[in-house]
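Next come two complexes built around subunit A: one with subunit B, the other with subunit C.
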Partner chain A sequence: MKPVPFAHSRPAKLTEISSALDADNAKLIAGGQSLGPMLNLRLARPSTLIGLSHLTELRSVRLDGATLFIGAGVTHAQIEDGDSDVDLPPMLRHVARNIAYRAVRNKGTLGGSLAHADPAADWVTAMTVLDAVLVIANGREKKRREPMSGFMEGAYRTKLQPGEIIVGVEISAAMGEAHWGYEKICRKVGEFADAIGAIVIHPGLQYARVVAGATEGPPILLNDIARAIARTAKRPALEEIDAALAAHLPGADRVKRQLLKTALSRAIAKVIP
Partner chain B sequence: MNAPVASATSMQTVCLTVNGRSETVTVEPRTQLADILREHLDLTATHLGCEQGVCGACTVMVDGKPTRSCLMFAASCEGATVETIEGYKGDNLMDRLRVAFRTNHALQCGFCTPGMLATARDLVERLEEPDEMRIRHELSGNLCRCTGYVGIVAAIAQVIDERKALGIAATGKPRSPRPETTGFSPFEAAISDRPAAANVSSGTVTIENGWSVVKREVNLRHSPTMVWKHFSDLEAVAECLPGATLSEHDDSTFAGHIGVAFGPIAAKFEGEGTYNTDNESRAGTVAGRGKDRGGQSAVEGELSYIIRPASGDPQASIVDVRLRFRIQGMLGQFNRPELVNGFVDYILGEFVANCDSVLSGGEVRESRGISPFAIIRAMVGGRLKSLFRWN
Partner chain C sequence: MNTGIGARIPRKEDSRHLRGTAQFVGDIKMQGCWEAAFVRSPLAHARIRSIRIPDGAEGRVFTVDDMVDLLPIRAESSLPSYKTSDHPALARGKVRFAGECIAVCIAPTRAEAEDLAETVIVELDPLPVHVGVESALAPEAARLHDDWPDNLFLSTEFDSDLSDARAQATVVIEREYTTARQCMVPMEGKGTLAFWDGKADQLVVYTSTQVPHLIRTGIAQCLQLDQGDVRVIAPDVGGGFGYKCVLQCEELVVSWLARSTGRPIRWTEDRREHLTAGANTREHKYKLTAYADDTGRLLGLDADIWVDVGAYSVWPFTACLEAAQAGGNLPGPYDIGAYACRTHSVATNKPGFTPYRGVARPGVCFAMELTIDAIARAVGRDPLEVREINLVHGSAMPYTNITGKYYDTGDYPEAARQAARMIDVAGFSKRKQAAEKEGRYLGIGFSSFTEQSAHGTKVFASWGLALVPGYEQAMVKLAPTGSVEVKSGNHSFGQGLETTIAQVASEWLSVDIEQIKVTMGDTGMTPYSTGAYASRGMVMAGGAVSKAAEELSLRIRAIGAHLLQCDREETELKDGAVFCGAASVSLKQIAQAWYLRPDMLAENVNTMGLEVTEGYKPDIDTGVFTYATHAAVVEVDIATGKVEIQDYVIFEDCGRRVNPLILDGQSYGGAAQGIGTALFEEVIYDSAGQPLTSTLADYILPGPAELPSFRLGHSETLSPHTRHGIKGVGEGAAIAPSGAIVNAINDALCPLGAELTSIPATPRRILEAIFMAQDASTREAAE
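After this line comes the complex of A and B, so read on.
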C-alpha cells in the first residue's frame, strides 16, 4: 500500500526543525525504517514529514572527556561496523549487528529508534542498561538532558515534548570496559524481539544494572537482582529471576515470563562463568 | 533542491543517478524509490513485496549500501546513487553472482532474486569468509519462498571463495571474538531505587479464537453508589475518555467517534453499538463496532463490567472490566498483542484519573494529547462510554 499524500521538507539546519514542527500534523522522520512501514500501511497519516537523515550535525561520534557522545543520526550499521574515530563499547556493536537486517541498519538511526520507543527495540533496552543520558534540543532554548531510564513512559510514549528532538546519547566512556551480557529472543532473526535480557557490571564504578526488555512498556530495571549479583558475583537462581519478573509484570503470561527469564539468565551467564 | 514543498499535493523534482545515468523525475513526495524506479524510469526488475521492510524483495543499492526502496521517499532520493539489477554493468562480483545463482539453482520463480542479489552483492564484498551461519543470518532480511535458501547460500559462499581467490580483500570490519568471561570480585553496587511506578498492571491479556481478551481491575476512590451514578450518565463518562465524542444515544444504543493518537499512529473510529446495564448488580455490557475510514481498519468488540465495593472501605470501589475485541484491516496487520497490556493500562489510567477528578467535583484534566492504541481505545472508549450511559 502507498502512504497518504504528504509534504516532505528537509531543513538545512537543526535549529530550523522546531519551527518546521509547528506545521499542523507534522512528523519527524530519520531513517524511516519504523515510520516508513506505518506510513505505507496508512497507520500514520501525517501532513508533513520533516527529514533528518541528511543532517551531518546529528552524525558525530566523539569523546567529551570521560563521556562518549553518539549523535542521534548515527545508523545501526555504523555502530555495528564501529565506523567512527572513537572506539565504541563492544556491547553497542554487538547489539547493533542484531537489529533487524543490514538493509534496515543502513538507514535506521539510534535517535529515531529511541524517539519511536517501540518496547521491542534494542536501543531502548541497551541504552537503559548502560545508564545512557539523552541530549534533547527544541531549537529555541538550551539543550536539556534526560536519563534513558525513565525517558520511555510506555509503548511509543516518551518524555519528548512537542517540538523537541533527540540530538544524541551520552554514555560513560568507562562502559567500554564493563562486563556485559545482552541476549534477545526472536521467533526469526531480525523480527521484533519477544524478550530481551541485559546486564552491565562495572565494579570500578560500583555499577550493576539488570534490565528486562521487550515487555509491554518501558524496559524494567531489576535492581534487587543486580544488587545480589554484585554482592555475590554469582548467578541468581532462576526462581529469583522469575519472582522478580512476576513482581514487576504481574499480568504477563507464562510464556512471556519464561522468555524473559531465559533471556536474562543467558545474559547473566555471559558475565558470570 | 531540498526546499520544503508548499503543500502535500505539490510535486517534487528529484535528481538521482540510476545505473550510472543521471535521472530527473517529478513525483509526489510520498513516492517511494521503488515506484520512482518502476513507474517513472521503467526499471521494473525491482520488485515490491510487503512494503513494510520485511520481505527484502525491493532491496537495491543506494550509495553502495543495500537499502529498502519501499521505505525511502522521494525527498530522501535527492542526489542518491542507485544501482538496480538492470545495472551492475562490468561489475565483476555481480557477474559472478549471476552465474553462481544459475548454477546453484538459487532461484525458482525469481520474485525475490533482484533483492536477493543486492543483498548477496553486499555480503560477497563485506564477508571475510564464506561462513554458512553468518550468510544465513545476514540473509534473514530477504525472504525466498521457493528454494529453501540452500542454493542461495551456496552461490554466495562460492562467490566469496572466488573473490578470495582473486585476491580481493573483504571490506567489512572484522569482528573481534568476544573474550572469555573472567567474572569479577564481589562488590557493593551503588543503586538508587527510584519510586516504583504508581500503577502496576494487574490485568491479563489472552488470545481466544482470534479475539484479544483483556481483563482488568480498576480501583476508584469513591463509593459504588457514586461510581455507578457516574457510570450511568453516558455523557459524563464519554467526557472522561480523551478524544471521545458521543453523537447520539438512547437507552440501549449509541453512536459516536473517538480520535486516537498513539505514537505515529493516528485513527478516528466512527461506530455504533448497543449496551445494557443492570441497576441491581451494577453490571453492564457494551457491544459495538467501528471503522477508521482513513486507515481502512475496523474494530469490533464487547465490553462487560461490574462495580463492586472495595473490601474494608465503603468509600472505594472496584470495577472489574473484561474487554473482548478484534481488529481487521491495516491496524490488524500491525497487531502487536504484547503491547495491548500497556496500552489498556495507560488508557484506563487516564480514564480513571478523569473519573476520579469528576467524582471529586473537579473537571476533566487536560489531555496530554496522546492516547493509545486506536483499537483498544475505540473498544474501551466505545464501551466504557456506553457503559456509563444507563439512565
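After this line comes the complex of A and C, so read on.
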C-alpha cells in the first residue's frame, strides 16, 4: 500500500496553485485524510500533488458583514475547538466533534471534505442544512459562488470544474442563533455515518430546513417536512417522514429508511422536544 | 519486593514498548536489504494461463517456476479420509482464493517493489467460485483440488446414541446458527526478514511468529535444508492470536529469495493484505437439536457443524483442527448424557483456516449458550437456573464428559452464581421494568464455558497432526554477577510471558525479576519448544522454568552449604541468599565462587555448573480446564439496532494466578476481541468471492468507546496436575462474549418476539430480526 511516484509542490499564491493544477494529472492535497488512503490504495494516481492548506486566505475565519466566511483549509479540529477570532455557530462545533478521531480532525479540512463529496461525510449535509454557499476560484477569473445544495451531484461528484479550488464557505451569521438538531447514526465512535438527520430553524428569518444525509448520493432536502414544521411547530409523524424518504429514495431498503427516519426524527426532537 | 508467583506487578517488557525502543521485524535495519511485494490473485478461483514478466525485470520478479527447489506447504494428518492439499508458496497452475500469492517482486523500497508488481501481467481463466459451504458441497460442484472427488477436507462422526434422549424429551429445540468469517487483526501484521549469514553458513530468518522452532522445522523442510542451516528468530512480535502460529507462504518466499539472491530481503504485510489474504478464521455453521425435559434438564444434543476452512490446509495444525475442536467442545461445561455430532471441514475459495484465540470455542460456546437460553424460554425458567442444573457440579470433579474430555477441577455452577451476584440480577430486573415503561429495551445474558489449556502429546496426536508437542524445555542460569538468565523457545508477544516466566524463576531463586534476563524466540539461543498456542505458555514454559529453577536452586544451595560449612539439607534459599541458620552467603558470592574462584570450592561441589535445562509436561496430557461465566447487560435501541453494553462481568478460575495484573489484561483483551466477534467483525464477500471489507473503514473493529468497563472476579482452584497448580488462560475471555451478549440482546428483544441466531449482531441483523417479528405479528393479526 504505497502510492505511485509523484512530485509535490506548495505554491505561495492561489493563482500559482491554479496554474500548477493545469499540469497533466495534478491534484490538490489538503489534509490528506481522504486522499491519503486513495493514494495508498493506488486508486488516485496523480503525477503531482499540490498543497494548499498553508494559504492564509484558506485558513481564515471572519465576518464580512452579516456573512460568516470559513476558509477551506480550516481543520475539523479548529472548528471543534472554536479556535477562531469569530464565534462559530454551535452546530458546526458539534458536527466537527463527531467526525472521525482527533488525529484525523487535526489534519482534515472543511474544503477537502466538501470537494471529496463522500455521501456519508458530515460537512456536505451540515453545509446543506445551513444553506452555505461555496466560494470557488480558478485563479484567472473572478471567484464564483455555488450554493451547497446542488453543489454535490452524486457520490464523489461535484460541480467543481478542472482547475477550480474551493476557497471557503459563506454562511449567514444569523445561523449562530438558529435552533438546530443534528443526529448522526454510525457503527462506532469516529465512523462515517449510516444515516444523518439535520434540521435548522430560524423563526426570525422564517428559515426552516430539514436534510437527510448519508444516502447513496447528495443530501436530500425534505422541504415539505420543513414547511410543515415551520407552520405547525409540531413534530411530523414517523409515517410522514417515512413517506417523504420513500418518495426521494425509492431504491433504499427498509433498514436504510429505518435509520434515516430515526436520525431525522431524533434531530427534529432536539428542536421540538 | 516479592516478584514471585502471585505478585501483581507491571510487565518487564512494558518499558521498551512504551518508549518505542522495541524491535519488530520492521524496525530492523540491515545494509543492502531489499523489500518484497507480492502480485496477488485478483480472482477467487481461476486457472493461470500465463504470467508475463516485463523485459528487464529478470532477477527482480520471481514465480513458482523459478523456485523449483522449494516444496509446497503440505500439512499431513493421520486422520482417516483426510485429504491433503499442496499449497505452493507461489501459485502453480491455479489460484484458489482472492489474494493468493502469484509472483514476488523485489526492489530497494516497498513502493518500487509495488511499482514493479503492477507491471506483471497475469492472465487468468475464471472458474466457478465457492463463497460458502453450501455451493462447495453441492453435487457436481467445481472442485478446488482437481484430484479430489469432492470439496471436503474431512468429515467426522460421533454418536453416543440419542434414542433414549429422544424418547424421554418433552422439549425439543432446533436452531441454526452462523458465525462470520473474521480476521485476527494483530497490531503488527506478518513480517519476515531473511539473510544468509556467511560466517555461520546459515539462513537467518527474522519473522513475526508465535512458534519460532516450528517455523524453523517448516522452512528447513520446504527449502530442503538441514535444520542446522536455518536459524529462526522471532523478535518483538505485535500480537499473534493464532495468526502467526502456522508456516506462511511469505516466510518461505522471503527465505528462498535471501538464499538464492544472497541479499537480505524483507516483506511486511500491509493492512489490506491482512484483511483480504489473511481473512482466515471463525466461520462456522451449526444445526442443533437439543432434547430436554420439562425442568430444562438437557438430555441429549444432536449437531451438525460446518467449518468453512478455505482453500488450503495450514501447517502444522491442518484444516481440520477447528472441526475437531468444535465437535469435541460443543457440550462444553455441561453434563450431557447423549451426544451425536457430525463435522464437515469444507474447502472453499477463501484463505486457509487458521486457529484464532479460543479455537472453535467462541463458535461452539455461542451456539450452546443460545440453545441453553432457548431451552429456558421454552420451559419458562430462568436461564440461570437452567445453567445451574446442567453445568458439571464441583462434586462431580474430576469429570469425564461425553466426548472423553477430562475436566480436572472446578465448580462450574459456582462461577455462574458468582457472575450473577456480581452483575446484580435483582437490581437489573428493577431497572429493566423501569426502562420498559419508557419504551427502552434492556436485556441480560450469561455465557459459561470451559477452556481446555496446555493439552499435550496424546490430545494433539489424536487430532492426527504430523507435529505434536511433547516436553517443553527451558534453561535457567545463575550468572557470575548473581543475576539470572532464563531462556525459553516459547514466545511472548503481548501475553506477558516474558514477565510471568521470570516470576516463576524469581519464586525459586528469590531474585527480583528486574535481575532476570529472559531470552525467547531465538532458535539459535533457546532450547526447543513448539511455541505459543493453545493457552499453553504459562503451564508449559512456566512449568519448565520452574523445574529448571528448582534444580538450579539445589545446585546453588550445594555451593552455599559448602561455603557455610553445613549440609545442603540444612540450608534455605531466600532473600537472594542461601541461609544456614542466621549465617548466609549471597547468590552473587555463590556465583562468583563457582565462576571466578572455584579454588574456594572442593572438587566435587556441583560439577554440573549453574546452568540448567529441563524438560517438562504436566502429569496428564488431557489438559487442565480453566472455566468462567461471563454476564452482560445490554440496551438495544430498537429504532437503530444499536447495542450498548451497559455492564459486563467475568468470573473466572484459571488455577494459580501467576500475575493477577497480567491476567486482568488478558481478560480485557480477550473480551474485547470477543465483543468484536459478537457485534462488529465480519469479512464480507461478493458472489465472485471478492472480499469487500479490505480496509478498516469496512472491517469494523470495536474501539475503546465501544467497550464496557469490564468487572472481574476470580477464584483459584489449583490443578493437581501442573506445577504450582497453574492452568492456561490466554484464550478464555475471547470465548464467551458472543453467547453473553446475544443472549442479552435476545432477552431484550423477547417482548417483540425477535431472536437473533447469527453473529456479528450488527444493527442491520437486529433490525431485520425485528422487522421479521413485526411482519409475522401483522400477518397473524390479519389472519
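The rule is short, and it goes like this: the second predicted complex is superposed on the first by the 273 of 273 C-alpha atoms of A that agree within 3 Å, B and C clash if a C-alpha of one lies under 4 Å from a C-alpha of the other, contacts with A are read in each partner's own complex, and residues count from 1 in each chain.
Methods note: a contact is a pair of C-beta atoms (placed from the backbone, for glycine too) under 8 Å apart; a residue touches a chain by one contact, two chains touch by 3 or more.
Since we're looking at a predicted model, the values are computed, not measured.
Visitor: Counting only touches as set out at the top, which of subunit B and subunit C does A:Ser84 meet: first, second, both, neither?
Guide: neither
Visitor: Can A:Pro3 be said to touch subunit B (first), subunit C (second), both, or neither?
Guide: both
Visitor: On the A-aligned overlay, A:Leu259 touches which partner chain: subunit B = first, subunit C = second, or both, or neither?
Guide: second
Visitor: Looking at the overlay, does A:Asn138 come into contact with subunit B only (first), subunit C only (second), both, or neither?
Guide: neither
Visitor: Under the stated touch criterion, name the partner, subunit B or subunit C, that contacts more residues in subunit A.
Guide: Counting residues of subunit A touched by each partner, the higher count goes to B.
Visitor: Determine, under the contact definition given at the top, whether A:Pro37 touches first (subunit B), second (subunit C), both, or neither.
Guide: Both partners, subunit B and subunit C.
Visitor: First (subunit B), second (subunit C), both or neither: which does A:His116 touch?
Guide: first
Visitor: Tell me the contact category for A:Ile185 with respect to subunit B and subunit C: first, second, both or neither.
Guide: A:Ile185: touches subunit C, not subunit B.
Visitor: Considering each complex separately, which residues of subunit A are in contact with subunit B in the first and with subunit C in the second?
Guide: On subunit A, the overlap between the subunit B and subunit C contacts is residues 1-5, 37, 41-42, 188-190, 192, 194.
Visitor: Where on subunit A does subunit C make contact in their complex?
Guide: Within the complex, subunit A touches subunit C at residues 1-5, 37, 41-42, 185, 187-192, 194, 254-255, 258-259, 262.
Visitor: So in the complex, which bits of subunit B are touching subunit A?
Guide: So the residues of subunit B in touch with subunit A come to 2-10, 12, 28-30, 32, 35, 51-54, 56, 59, 62, 65-68, 70-76, 78, 118-119, 122, 137-138, 140-142, 172-173, 175-176, 178, 180-191, 193-194, 200-206, 262-267, 294-296, 330-331, 333-334, 336, 338-343, 345-346, 370, 372.
Visitor: Which residues of subunit A touch subunit B in their complex?
Guide: The contact residues of subunit A facing subunit B are 1-12, 20, 27, 32-33, 35-49, 51, 53-54, 77, 81-83, 90, 93-94, 97, 100-104, 106-107, 116-117, 119-120, 149-150, 154-157, 179, 188-190, 192, 194, 201, 203, 206-209, 214-217, 223, 226-227, 230-233, 248-253, 256, 270-273.
Visitor: Which bits of subunit C are touching subunit A when the two form their complex?
Guide: Residue list for subunit C touching subunit A: 109-111, 114-115, 118, 270-272, 639-642, 680, 695, 697, 700, 702-703, 705-706, 762-764, 767-768, 771.
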